[in-house]
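Chain lettering (A, B, C and D) follows the sequence in which the chains are written, and residue indices restart at 1 in each chain.
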Amino acid sequence: MDLEREFERVVAADHRIEPRDWMPEGYRKTLVRQIAQHAHSEIIGMQPEGDWISRAPSLRRKAILLAKVQDEAGHGLYLYAAAETLGADRDDLTARLVEGRQKYSSIFNYPTLTFADVGVIGWLVDGAAICNQVPLCRTSYGPYARAMIRICKEESFHQRQGYELLMTMMRGTRAQRDMVRDAVDRWWWPALMMFGPPDEESANTERSLAWRIKRHTNDELRQRFVDMSVPQAEKLGVTLPDPKLAWNAERGHYDFGEIDWAEFWRVVKGDGPCNAQRVAHRREAHEDGAWVREAAAAYAAMRERAA
Amino acid sequence: RDDLVAYCLMLGDDALVYSQRLAEWCSRAPELEEDVALANIALDLLGQARLLLTRAGEVEGAGRDEDALAYLRDERGFRNVRLVEIDCGPGEGGDFAATIARLLVFSAWRLALFQRLTESVDPVLAAVAAKGVKELAYHRDHAAQWTLRLAGGTAYSRERVIAGLARVWPYVDELFTPHPVETRLAAAVDPATLRSEVDGVLDTVFDAAGLERPDVEQIAPVAGKAGRDGVHTEAMGYLLAEMQHVARSMPGALW
Amino acid sequence: RDDLVAYCLMLGDDALVYSQRLAEWCSRAPELEEDVALANIALDLLGQARLLLTRAGEVEGAGRDEDALAYLRDERGFRNVRLVEIDCGPGEGGDFAATIARLLVFSAWRLALFQRLTESVDPVLAAVAAKGVKELAYHRDHAAQWTLRLAGGTAYSRERVIAGLARVWPYVDELFTPHPVETRLAAAVDPATLRSEVDGVLDTVFDAAGLERPDVEQIAPVAGKAGRDGVHTEAMGYLLAEMQHVARSMPGALW
Amino acid sequence: MDLEREFERVVAADHRIEPRDWMPEGYRKTLVRQIAQHAHSEIIGMQPEGDWISRAPSLRRKAILLAKVQDEAGHGLYLYAAAETLGADRDDLTARLVEGRQKYSSIFNYPTLTFADVGVIGWLVDGAAICNQVPLCRTSYGPYARAMIRICKEESFHQRQGYELLMTMMRGTRAQRDMVRDAVDRWWWPALMMFGPPDEESANTERSLAWRIKRHTNDELRQRFVDMSVPQAEKLGVTLPDPKLAWNAERGHYDFGEIDWAEFWRVVKGDGPCNAQRVAHRREAHEDGAWVREAAAAYAAMRERAA
């Protein structure tokens, strides 16, 4: 019980728990699940944007996009490494992903339909991710917090690039402006859903807050995102697709309309437009690569024996 | 001056088209580390392509920038060697082994070429080459390591790497066949002079991996013309359709 | 009038995009007779598409002909159901069984729709439908026969046809989901009213073949929008890039 | 020997040999080989043009091209059927093709690089094929002659469509005219090679002429093709890529330059730009379809047992 008190003391003092420290099993499990889902999200998130690398309409945008998707693979690697410090096994986590036993962010179950989607994903999806993730830079588990610092830095770079693409497109042709508006219309609500269910329905929030894994509730973060995005949308010259969106001087926040929670749960449960496709893509890449991983392992083992 | 434009396009198109092919692996590599590595190589080459196409446009002086050259040229205007445009996977046209085989051949060849090019009388080409040499040395090393792993891994991976080399080998002679532009232009490197050096590098890798140089026929040019003359394989049209479609669909757009 | 234009585009795009997919089999079918048959079906649908797009352009009155509509529209302007655009093979996205499964579902649905459409108050639509009914009856019969053969052939072919049906079934509900245009337009057929008839036809085939109706989830629309609203799958962009590239690359050309 | 005399009488009288008639073994073998190669050529010939169906730049041209390639499959079917009347087996002939043991027309070992190639193939390649094939409508073997009548009718339709496409393109933009000229430059010499080696090197010509399988020598047919094509090229507004091409009033024919026979033999022997690709494509289609053919055969056998 000394161990548990020590754990609680460290957490309460806003210090970091490190891999060798004692931690409650629930804390470990919660973290492994959260970090794994986060890693999976980076990996699955490579697909909707990666789909546009081959078609990016300028070489500069092609390079930016390729570098971004590459960063996502890198983020996945840091995060799997962080999960491994908690005793998780990367192969096991990958198996959970490709067999559909572990989730990833539902936002990636929507299709990217035009090149403007690349910009809007940068602006809104990375923007929402940053709102979620900045507080995680101060999360109580050290390796996770350190991974998040690096990730957040890159994500905010991606977000600026996305927003800059949209600004450029809005200065372009009328067809381009239409494309941007169409993409904003399609991504706004799914972006709001990225913060998860409303607080009253979020089963794990309270415990995660107590353990200082999370530092804010879903609804707090969602509000922060809305407050941040509305002026950005105005500057961009697009209307967010929510007639109820309005400044509430009393609250000091923007009010916004009701999220379609039925859709939210449908997509979470696997029935979004692209769930099956995303998991199948990852599974195929994983299976197609099995012989290569086996060869690498056999070669390494052979070299070790020879040494 | 036309020759210098053409030469910049040749080297630029090699990098651009190959980068396009390599990027197809994005989110499909056998492991995440390799996803990062292949994207890195694709990015390096894309960077080389941008410098070279920009330079081509400047020397040409007709107001074409890198994007005009990449997106608004027709297939017959692309001057890349055919090796870079063929489908080596992921997917039906190849696999990871064919991809590595092409990377080995291409980067050994281009590294030798760029090493020579660092001494070009054209200062821009020399500078592009100097930057590229470091990148290409990494690419070649990466490919060589994978060649060793696949050749010495499992029976299956060994079979695959042999098949992969056979897939790309028919396009090797073209790499060393000088185009008149390469012969005439003082700033250019005559690729025929690179053959023994590149063969030596490849043979070293093959020896270490216990592989033989593939014994397959070379793909003929069409009436003496091949990639450097804009005479490509049938794979090229599809590659360009995908690459150029958005850009061509929105004339006057800003990106 | 806008609704009539939109409706002609819906039915025309279904045929155009599906024809594009079917033609991918050309020179790749399991036997020569089937190469001829699939090309025939693709040609019939291409013919339907041309009539319907031409009609859409005429009613619209903005000077767009069939080619302007086929080659110069962006993805979001295409109004086909998503079933026709997905990759069902040849190649990685499917195989001959998935191809037959889609043909069975599509032609059973479109035949029922066209039978109804022969009585449309719009005489042009009625005429297009009257011509199409004969063609679609043949397509449906062809698909039904292959379904029987594959289901009753070998254990492997049976497995493939079951997998093929599962591949296409998630896109079936969309076929029967009325778009506001279909509800408003007097000349249109409300696809919801076709469901029981089409289900009956398919069940008859499934019964004869000893197959079950697939038990798979339907692919969700995006915020209630799907193919009829121009919200497609990610396969669509690649299909259009290939289809439109030459036409877009040569503005002002005569073909 | 009565049989042999009767055979020779029928051939000499320009009547037809029919499947049930006696024929010399050499005649049968020569015919099977020639008809099979002709059938293979139709089937392989689907690839270079079929490659452009998905990209045809107008719907009318797409329909024309799809119908044409479909016709080629149909021609293949007639011809395999004709070969079967001589005791050949279609599966065996297909095996010879996909294993590279039997040839097809070398012309299809060149790549189609632009949509103009579709027109030029129609004009020059189908044109050369017609020169070769029209005399075969009077060949001594009945089923082959009848197949050729039907094929020639369709081929000349294809040729007119190809020429018409080129005429249309020449009235279009400058880029289109350049495209047509480039395609003509690439296809002219391979088209001339379609008539086979010069007469003095053509081993089988003499016997085939005696048996009235062939009715003209390679060089005669090649000259006929040149004479036919030159005025067509003039009307089209393109220059054929042969500086030696000139009217010879004395001969009453066009003189033309020396064919690159080294290239001819290289491509015949398998080392053209697309030989490997064409055979691999056919082999893959054949192998990928094996399970379908097996299923159809199993189903037919089952139905037969049940009947």
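Definition applied: a residue touches a chain if its C-beta (ideal position, glycine included) is under 8 Å from a C-beta of that chain, and two chains touch if they have at least 3 such contacts.
Predicted model only: the values in this text are computed from it and were never measured.
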item	value
Pair joined by more contacting C-beta pairs (A-C or A-B)	A-B
Rounded Å distance between subunit A and subunit B, as computed from the means of their C-alpha atoms	35
Where subunit A and subunit D are represented by their mean Cα positions, the distance between them in whole Å	58
Cα-centroid distance, subunit B relative to subunit C, in whole angstrom	40
Multi-partner residues of subunit D (at least 2 other chains)	55, 175
Where subunit B touches two or more other chains, by residue	74, 237, 241-242, 245-246
Touch relationships between chains, expressed as pairs	A-B, A-C, B-C, B-D, C-D
Complex contacts: residues of subunit A adjacent to subunit B	43, 46-47, 50, 53-63, 66-67, 69-70, 73-74, 76-77, 80, 115, 165, 168-169, 171-173, 175-176, 281-282, 284-285, 288-300, 302
Interface residues, subunit B side, partner subunit D - complex	74-76, 170, 217-223, 231-234, 237, 241
In the complex with subunit B, residue positions of subunit D that touch it	48, 51, 55, 110-114, 175, 179, 182, 186, 189, 260, 263, 266-267, 270-274, 276-277
Residues of subunit C that touch subunit B when the two form their complex	74, 91-92, 237-238, 240-242, 244-246, 248-249, 251
For the subunit C and subunit D complex, residues of the former touching the latter	16, 20, 23-24, 26-36, 39-40, 42-43, 46-47, 49-50, 53, 66-67, 70-71, 90, 95-96, 148-150, 152-154, 156-157, 160, 242-243, 245-247, 250, 252-255
